[in-house]
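In order of appearance the chains are A, B, C and D, and numbering begins at 1 in each one.
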Amino acid sequence: MKDGIAIIGVGQTEFKEQTSETITEIVYQAVQRALRDARLSIGDIDHVVTASVDLWDGLVASNIAITEVVGAVMKPEVRVASDGLLACYHAYMMLLTGLYNNILVVAHCKGSMGNHYTFSNWSFDPIYQQKLGLDFLSAAALQANWCMRRYGITPEQCAQVVVMSRSNGEKNPRALGSPKVTVDDVLQSPLLAYPIKSLDVAPTCDGACAMVLSSSVEKAGPSAKPVWIKGVGACLDAHYLGDRDLSRPESLISSGKKAYKMAGIRYPKKEIDLVELSEFFSYQELLWLEGLGLCDSSKVSETLHHGVICEDGKPSVNPSGGVLSGAPYIVAGLSRLAEVALQLRGEAGNCQVSEAKTALAHGTAGPAGQDHCVFIVSA
Amino acid sequence: MNELINIEIPMALRWQFGTGRHFSRFIQTLRNEGKILGIRCPQCQRVYIPPRLICGNCYREMAEWVDVKDTGVIQGYTVYYHPILDPVTGEPRPIPYGMALIKLDGADTTINHYLSETDLAKLRIGLKVRAVWRSQRRGFISDISHFEVIQ
Amino acid sequence: MPRRVAIIGTGQTKYSKERNDVNQMELVYKATTKALDDAELKVSDLDAIVLGNMELFEGRALPEMWCGEGAGGYLKSVTKIATGGTSGSSAAIAGFYQVASGVFDIVVVVGWEKHSEGHTQTAMAMVDPLWDRHVASGAVGNFALSISQLMAGRGITEEQAAKVTVKARRNACRNPYAHLQMPDITVEEVLSSRMLAHPVRLLDMCPQSDGACAIIYASEERARTACRRPAWVKAVATRHEQPYLGDIENRLIIMRTLRAAAKEAYRQAGISQPLRDLNVAEIYEPVSYAELAWYEALGFCDEGEAGKLIDEGITEMGGQLPVNPSGGVLCSNPVGASGVIRVAEAAIQIMGKGEERQVPGVKTALAHGYGVYAWADVMILSSELG
Amino acid sequence: MRETELGKATSERFVPIEVRLTLSYAAGETASTFFTTLRDHCRIMGTKCPQCGQVLVPARQFCPKCFMTTTDWVEVGPRGNLISHTVVYHHGPHQPRTVPFAYGIIRLDRADTNFVHLLGECEIDTIHNGMRLEAVFANNRGAGILDIAYFRPTEEAML
């Protein structure tokens, strides 16, 4: 049963700093592209799982606005109000029940609509944390300072991560296309919250991503290019920042273990060829790799000046440019899985990684990576 | 039982809503020409207000714009005795005030809007109504102040 | 066929106007611990958590980050559902899928809301800013407009709607969790209460409540060992509708979404005549008139006969098909929890734990969730695995 | 919700929407005791989990890891050691201080979890992890987390 579920279609809008298109229009575009890629029509979809957050959309029950374009009029839809990859995990479980053949997963967010950090202040508990003015930036800065000290990560290494992401991102037509930068550009960019500088931060942007998951791939015909879901894990960490050792991403470690166990992976460093991470800040790329057991942060300095992040370049990290080169909040995790699917199908264009067989996609939500979701897929 | 504390947090948030292709044209036409635009589905022929990208029933893109009149027929009605904040003025709306589901001539969907008539004895489904416009138009359906019963 | 799944425990807080003694996370904790006790389980037995909550009503974002721990979510998978009024029922359905998938054996679903901490009316106005917000009539107004069609099209009377309120608020007197309990309410009293928007009066409308409700799902093997009389899930169905109120013709009469969801659920559960085959129904009625509209859409009666069901006491306690022994949404309405409460109360009837509100000999129960303008969830539970 | 200039169609491509309202959240009995003790006695309280024995700060009704209701109250601090910190330069309307200001994660004496709060009365470049801090209480206290104004270095930390 577990190997029977595959990604058979992916679709994404070009991420933009700001678009006057409505949420309905960008979701429609992503859904059309995913259906075309899966060679299916909307009639073949028997359930929709959407991902969006009301406060970011400025709407109550914001999935009302996309009911028509996701084909949910007189059909079932459910909205997971968190990162798109967690919605995809729910869709995967629905397919495992055997009750559905094809499920459409869609995530959207227009970061340009409002102040991302002020919105994020409303996700901290109102009793002990919100009135301190905490937001995703200050929480990440507290984590960055702590884990950089613990693993001996330097600002130069974080800057190197940004440089590599931006150069990968430039080759990726789907990415926001933020301009290339040098290590010095990053180090001299204005300090937002010590030790995080403005170029260490993923730019907010507008976009949507859609995906078709299927439990009846054999019916999809010869031209289908399924990417099989081998393992998934998701996990939530404590909320109060003081209850967490911010230098040790407990819920990411646990999510990774669950996904590896389900996928039968015992040596992630050897068995994972390719990783697409959701890093909203440069330090997070190294911390997430550490948490997933894919690279030893203390050795990062040597590997970095070979121009790779992990020893002997395996697994290759964020060939798409990652979230650091620009991906909308909530959409980020699902778009990682879309990028990884394209890579395994050999359709990633200029940022194609040669013969990747098994890949990992990662999504996160909440302050300083409180909630994580990890997918292991293979061609 | 000791003293129970409540934490007060003021919310002052702004959003920049993109109007998109369809609504920007609806706003422009309503503001500049005082005309209400609907859009028709090529498959089921239903004319939708507000105009939008696709017909949810047929999952077909819509491109045929249709002029809709500012007269119509009551499909449902009520008289409000409970003050609710008027989103346009931000003030509670003086009560009583009428509201109706109105199928404008030329459209197949109804719009819910204010009604000047507040005598229930005079109200029933099927009555003809006409829009009463505000002097200054900004491009929203609230440019119509309310509808009044004709006959 | 998916793995068989049953509800083996439920937990509810007392629903009331204001729960100032607990914050939102502690409210979730209260319902979760009660459900664990009911199912005789410990928090370590939980594999995953599904939450239902309409967080923007209280101005929140990503509330599972704070409240997930209250449901035992520390270092577990937590999925937060938000689909308007059906958030609770959709969360309950989502929890069923997660166990039926085989990935998890024990999943707790918790729905909660604290309307005392938010601005429901203004949050309802945070609808489509380009259209609805210019004439946002809010929940009461939207219903009043559609009810005028229901009365004209189906001959439903104000008295019949008042009987629905009287049935609900008297049933609620036998439900220790209910928010509004009115032992001697009469039809006359309802008909003389303050008019909000014709014909909807104050006593026709549901309250805004604070509260949380939890249900615990178990896989077949675990359900057999853990529970004397599990409530097996026989059917789940969902239908959503076009986005604007004006898109939905004769909304409460046609109600195509609920008709289609009920039809699919009855097919899955092998039910041909709901009035005969169901023993109890917990349905989602934010206004008294809606219950009469749901009777027809759920196939409890033929066209235009909903009034007869209430007039002849068929849906009273002791009638052929008791509806809302718990008092329903008319008596308790914490929106994120209301859908879960329907499923929990249906399960309580199957498990024979209804105490004073227990309908004798319940084998098959229906739970229904309603939201937005015409979204519908239907779930059917049974005492037999079948 | 007062939307004074709602929908003023500045351009037909974008419509600004604004919402202004005040939310009020019940702290619950446990946090209320934490706040009234802070307000009336300038004492920072934690609660102890009967199962794992950890003193949770600030006070919690139940231990999130053991899922057990906490029983005893334990006074903690007002001194402690800095575990991690940041200095915020990027302004946001939701912040209680004007930038630059600093946050600290502080392990208060006798506490088993860390406490998150503002730092003050210290030069930015002198902040170092492990430094000894003490709570400074606000003059007019209204039973909220900002009844503690900030944490400052103790005398010996300055030597």
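Just so we're on the same page, a residue touches a chain if its C-beta (ideal position, glycine included) is under 8 Å from a C-beta of that chain, and two chains touch if they have at least 3 such contacts.
Note that the coordinates shown come from a computational prediction; the quantities given were computed from them, not determined experimentally.
Listed by label, the chains touching subunit C and subunit D alike are A, B. More C-beta pairs touch across one of B-D and A-B than the other; that pair is B-D.
If you average the CA atoms of subunit B and of subunit D, the two centres end up 45 Å from each other. Chain centres here are Cα averages; for subunit A and subunit B they lie 39 Å apart. With centres defined as mean CA coordinates, subunit D is found 30 Å away from subunit A.
We define each chain's centre as the mean of its Cα atoms; on that basis subunit B and subunit C are separated by 30 Å.
Contact of a single residue of subunit C with at least two other chains is seen at positions 20-21, 23, 59, 69, 74, 122, 125-126, 129-130, 133-134, 242-243.
Within subunit B, residues 1, 4, 6-7, 9, 11, 13-19, 23-24, 27, 56-57, 85, 87-88, 140, 142 each touch two or more of the remaining chains.
In subunit A, 20, 55, 58, 67-68, 73-74, 115, 118-119, 122, 126-127, 130-131, 238 are the positions where the chain touches two or more neighbouring chains simultaneously. Taken as a graph of touching chains, this assembly is complete, with every chain in contact with every other. On the side of subunit B, the complex with subunit D involves touching residues 1-19, 23-25, 27-28, 31, 85, 87-88, 90, 138-140, 142. The touching residues of subunit A, when paired with subunit D in their complex, are 20, 58, 115, 117-118, 121, 126-135, 137-138, 141-146, 149, 190-196, 238, 240-243, 246.
Interface residues of subunit A, counted against subunit B in their complex, comprise 18-22, 24-25, 28, 42-43, 55, 58, 67-69, 71, 73-74, 110, 112-115, 118-119, 122, 126-127, 130-131. In the complex of the two chains, the subunit C residues touching subunit A come out as 1-3, 23, 25, 54-57, 59-66, 68-69, 73-84, 90, 93-94, 97-98, 100-103, 123-124, 126-129, 237-243, 256-257, 260, 371-372. Those residues of subunit C whose C-beta lies close enough to touch subunit B in the complex are 20-21, 59, 121-122, 125, 129-131, 133-138, 140-142, 144-149, 152, 194-200, 242-247, 249.
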